[in-house]
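Heads up, the next two complexes both have chain A, just with different partners, chain B and then chain C.
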Partner chain A sequence: MSKATLDGAPIAIEDAYQHAAKILGGAKFPVVAGLATDAAGARAAILLAERLRGAYDHLASDQIFNDLDVTRSFGMFITTPAEARARADVVLLVGPGLTEHWPALFERLALGEPARFNDAAPRKILWLGPKRNEAKVEGVEIETIAATPQALPGLLLAIRARVGGRPITLNGAAAKKIDAYAATLKAARFGAVVWSASAIDGLTVEALQGLVTDLNANTRFTGVPIGARGGASGVVQVGGWMTGFPPRTGFGRGYPEHDPWRFDARRLVDSGEADAALWISAHGGEAPAWTRDDVPLITLAPAGAGAARGLYIEVGRPGETHDAVELAQETSSFVLRRATAPSEAPSVAEVIHAISARFSEDVPC
Partner chain B sequence: MLTCLSGGHVVDPVNGTDGVGDVYFEDGRVVARPDGRKPDVTHDVSGHVVMAGAIDIHSHIAGGSVNTARLLLPEAHRAHKARPAATPLSTAGWSTFQTGRLYAQMGYTTVIEPAVSPQHALHAHLELSDIPIIDKAFLTVLGNEPFVLGSFRDNESPNVVQDYIGATLEATRAIGIKCVNAGGVDAFKKNVRAFSLDDVVPEYGLTSREIFQRMQRAVHATGISHPLHLHMNNLGLPGNVETALATIDASQGLRLHLAHVQFYAYGKEGKNGFSSAAAQFAEKINSSPNVTVDVGQVMFADIVTISSDVMKQFNSLPGGRPKKGVILDAEGNGAGVVPYSYRISDFFNAVQWAAGLELFLLTNDPMRVFFTTDHPNGAPFTTYPEVFALLMSADKRAQWLSRLPADVVALTNLPAIKREYTIYEIATMTRAAPRKLYGFEDRGSLGAGSVADVAVYKTNEKDRAEMFRHAAYVFKDGELVVRNGDVARYTRGKTLHVKPEYNKTINKRLDSYYEDLYGLRRGMFRVEDEALPASQVFAEVPCRS
Partner chain C sequence: MKPFLFALRQEPSQRHDLSRLTPDRLVGRTQKEIEAIDIGTTKVDAKVGDLFKVRVGDPQVVHFEGGSERFDLLGAKLLPGFAIHVEGDVGARLGRGAQGGTITIAGDAGAFAASGMTGGQIDIGGDCGDFLGAPMAGEIFGMAGGRVVVGGNVGQRAGDRLRRGLIIIEGDAGADLGARAIAGTIIALGATTGRIGYLNKRASLVLAQGGDFGPTYVDCGAHHFTFARLFSRALAEDSRRASRLLSQKLRRFAGDTGVLGKGEILTPV
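After this line comes the complex of A and B, so read on.
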């Protein structure tokens, strides 16, 4: 049995769907936000936003754009974790908290083992700016340079300069370390830089891709991005084929328009431009970032993450309580995740279909 | 419901039909004229041309690389028009939804996406299921992965790669096999920057020639209808016609499809060291009956190049328009996405445009020469009507030639070529020929029993482009989906695939290969029913009997 509450008080699920349809169907410019869901959920949510001439955003959009803005301004060199595991003889980790954002990182990239090609020479692992103690991994020798996140772009620029044989302003031990890094990177046969746009900013992503571009002048180098939370990479892909655009896309004029500022859900709600919000957070039950609490709110989140305010409808966890297609970090492709603990809780797609089936007739299809 | 299209000019090369007649269909299939029964619906299509729905054999419409291009270029596909009721996202620029609508409006009812890596098969199917109306399929890309290269290097039995292909087709639900710059994509990972037919892949000791020949034989041995679909070495480079000619010479008399050959029709003559070698190439194609080609016509437009030829795409980065791009080194194969703009004032682009038309006009068998722009690499598929018009009118070509740089005109044979394609030849290259190339038994023809995919164009001899741009009627599986060039609602097409027999013991070996090399369960990449929308319908294309 699926569960629903209205301002914290239980209501029948049928009433919840009806109420949700009334809120969304009656809104002038609703925003479908959070969007932490699987491929089917994202597809249903985007179609809903389009039908209602609202907008869609993702809870990790800031992190998404740290990468995507670099891609669409300059481009990007990327590889899959599987190919990096098989081939990368030099791996440069950049930024703090990488294993928090991807706990399987070391195991998946087999950083303690040699690469399979390039004569199986031992892998060299560098880590620029890890957290304290984070770079102590059993069985893996890591050459670190300590740095705050703010210092990363400058350090990457310095390394890039040394790769290109240009002078830098640093000297002493710091310069020596930079030189050693540059020498290792240049000597790579197939190197990979690993980063998480949830841990570093766009400027750093730009700096590291600039470094990769320069390294490719003489050898092969590429990158392994770690996707943001809430199924962000998959939602970006689904938005891409459905509308041409990633999150922060609106349909006010009857066709998609993408504007990372205008269609930021937090701004839309706080400014009052959006007059209703559907908040989807099926993985962890994260709460919205906006502060305003007088905009009608429908929350789709798993059990235990019920919202005290507004309408709450329980959904299952993708790949846990129901089968789900998600973009897998370990393969960087869409895969089917079979339910590990199947339950009756509906998926986000199912709930959206149930709501959409109850729109009054003046909502066009 | 029995429908009759009455009094149109029926053009159906499969059955040799080229004259006024009626076409009947019922329950989604074309039927012979029924005795003593009145049609439930009759459309008077006099003054119209009636053909089977067109089939596009090579157009990049879906999958990870296409989607990367969409996300790379938000500036390139802004929409300007609200969508009509009942067709969600149909005006969203470059979306899957718009793709289905635009193809249907031109009378295309089957489109094949030519470059999906096996690891991204599910992604491609998810996109295909969001392309309304038309039927679709994809080729999966093989030939640069360590499994194949290792098997060839170790001189294993050819059955190994044949079974590998069978297993991959089954797991991905693809319709055929493409091989891209055979060995060159792997070599690029080892920092090789140029790779030709007789260059050797480091660590494997195999030439590109050996790899493509063995792949060609292995694909043939599976019994699938579509031959190896080959993207040759040296795409886009001056003088690369030599590679193309040598590839044809190496084709062993076995069927071989060469993709987007316009990009290989270049000589080194002239002060820019770049010229059209289309005449020489066309002659070779004419005399090589085992070879089919698609042209990959260039038109002057802003485009984006999407290719699994990672080496070539990397080398294209400095010339990008605008200068940006995504280079993906993936397991075995990969992808590169680099935007570009073909300009009529650009010497090189103008030569490319002319070379494509020369290939169309100097080859003599429309059953072996396919109509493509390698969408979006040479031009968007929406330019097809203009290309048809150019093929059908020497005057029209002369008008365009007058706008080309004079030094280009001097370097091509185009002004001297007076040939004009007939409607019958257009129907051959877009209907009958694709039917044969992919082994379709149910489409590309208006014979009884064919699916009732029918395109009806209002005859317009003055403006052929207009004629082909907006079909007057399009029927998909017998349902009216386009009227006067507009789609009013969506239907759902099918996804076509092949499923040849193969020795299943290969699966065990492939499982351990994935586990050993990538530490992954190979099953993760398999396309399962549970992963697909319930609405996705598959149809199996038969193997050669």
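After this line comes the complex of A and C, so read on.
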């Protein structure tokens, strides 16, 4: 049976649904935030935001926009991990912590094995700016260039400059290494860059995609992005097919308006523009990023992540306690993940449906 | 004739879209019609009359007595020949897509000021938020003409994807000034932080304080630039300090060689 608490004290689940409906239904501009859930949960949450004429945002929106802003204002070459695995003879990894953001990275891209369509020649693996000891992987030879997170964007552009034969101010061993990287990239028959928008910012992603664009003038080069946490890539797709927009979209005027600045949930709550918040973090039970604590808050999070303040309703973990459809990093497509440890805890979608069923009649559908 | 006046009655409880209150859109309207204009952005109704005391006057010049950081899109798509003055703060997207005219703000401005502006003049007396002159989500370029002078500090990413026009920042600039700039000129008289002119294609950045511009800005030496002196004279009216900066001997760094390498950063020797 599901559990619920109000300001830390247990309350009956029926009362919790009723209370949540009262908070959200009475709000002038509620925000549905966090949104770390599966496809069904995102669908229910966005529908709820629309019905309440509020806004929706995802907890990893900053990381989402690091990639999405490049896609929509510059352009982006991407492919599936399977394609990179089969064809890439040169793989450039960019940024620290890639194996934390995608633990199956080396195995899925088979970086230790030759590409399938490259006459058994070994793959060349380059890594710009790994964490200390991160690039020491058994059975994989990696040429690294060390870079602090501050120096990485500049070094990446230096590589791009050398690929285009333009001057840079580095000299000596550093310049030699950059030139060697540029030569390897240009000699690729089918190259792939791998990055995580959780490790590098949007401008760096744009610089990287610019490098890929330049390389495509003479060879084939593409990218494999590592999606952000909290089911971000799936939620972006769901938002896209429901409203035409990714997270940070509002329905205040009755139609969806997308504005990454205006509908940032943290800003909405901290500025007092939102007068109620539904916070969803079904994977990790993260806490909201805003600092204000006088805005009525409803938290949907898994067991153990109970909120001391406001209303908390326990939900299951997608793909763990209940079956869930999510966008999978390993296939770049929606997949059904069967529950690994089924439990009675309701899904985010079930809880939102239960709350929605208790709105008074005057909340429009 | 007295200017058109909007006097603030009360602090707004939600963000307001003031794009419908530009002078050209007020011409020929009665006070009653103007008071009934919807400026709300949530399900709570908000009309001009709820928020402002309106006094009809010469629509060429519109005055706002009292502002708020929740007043968005003020002076959006402003046309040449019209003027707006705000005695107070304004919110996001000030002068968004303005095609001409003048906007003066006595207080601070929010994010995305001068976004998509193609002409006209904006003067902000106080500070300005992030993304001054930057494109909105999904747009290919930002500010594409006109002139902006900010008396105070600006936030991050000022001059992002600047296409044409002039931005003068008299205070300090936040991180990543002039990133992805395509062309145009940015003059920063205070301190700068983070990457400067990252992915800059052809824009000119003039900085009062030098710094480390990374491996893709190549030193071209110090020179007396003829054009800078000419430009300096033209700037005298907009900003005396900017004018003085450009009259000096300047060191030129060409870049960003990661992209085209046809842009530059100029700093005094």
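Heads up, the rule we're going with is that the second predicted complex is superposed on the first by the 365 of 365 C-alpha atoms of A that agree within 3 Å, B and C clash if a C-alpha of one lies under 4 Å from a C-alpha of the other, contacts with A are read in each partner's own complex, and residues count from 1 in each chain.
To be clear about the criterion, a contact is a pair of C-beta atoms (placed from the backbone, for glycine too) under 8 Å apart; a residue touches a chain by one contact, two chains touch by 3 or more.
Only a predicted model underlies this, so the values are computations on that prediction, with no experimental measurement involved.
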| item | value |
| --- | --- |
| Superposition on chain A - do chain B and chain C clash or fit | fit |
| Partner chain(s) touched by A:L203 [first = chain B, second = chain C, both, neither] | second |
| Partner chain in contact with A:F29 - chain B first, chain C second, else both or neither | second |
| Partner chain(s) touched by A:A276 [first = chain B, second = chain C, both, neither] | neither |
| Touched partner set for A:V315, first chain B, second chain C, both or neither | neither |
| Contacts of A:R160 with chain B and chain C, given as first, second, both or neither | second |
| Broader residue contact with chain A after superposition on the shared chain, chain B or chain C | B |
| Partner chain(s) touched by A:T243 [first = chain B, second = chain C, both, neither] | first |
| Chain A as apex of chain B and chain C, Cα-centre angle in degrees (nearest 10) | 90 |
| Touching partner for A:R262 - first (chain B), second (chain C), both, neither | second |
| Touching partner for A:L170 - first (chain B), second (chain C), both, neither | second |
| Partner chain(s) touched by A:R51 [first = chain B, second = chain C, both, neither] | first |
| Least C-alpha distance (whole Å) that remains between chain C and chain B when both complexes are overlaid | 5 |
| Those residues of chain A which chain B touches in one complex and chain C touches in the other | 72-73, 253-254, 258 |
| Footprint of chain C on chain A - complex, ascending | 28-29, 53, 69, 72-73, 153-158, 160-161, 164, 166-170, 203, 206-207, 210, 250, 252-254, 258-262, 273 |
| Of all residues in chain B, those that touch chain A in their complex | 62, 64, 66-67, 70-74, 77-83, 85-86, 88-89, 91-97, 119-120, 122-123, 126-127, 130, 146, 188-191, 203, 314, 317, 320, 324-331, 334, 517-520, 524-525, 528, 530-531, 533 |
| Residue ranges of chain C touching chain A (in the complex, touch as defined) | 13-15, 40-44, 70, 72, 92, 111-112, 130-131, 135-140, 161, 176, 179-180, 195, 198-199, 214-219, 256-259, 261 |
| Touch list for chain A against partner chain B, complex | 39-40, 43, 47, 50-51, 68, 71-80, 82-83, 85-87, 108, 110, 116-118, 189-190, 216, 219-220, 222, 236-238, 240-246, 253-258, 323, 325, 328, 330-331, 333-336, 338, 364-365 |
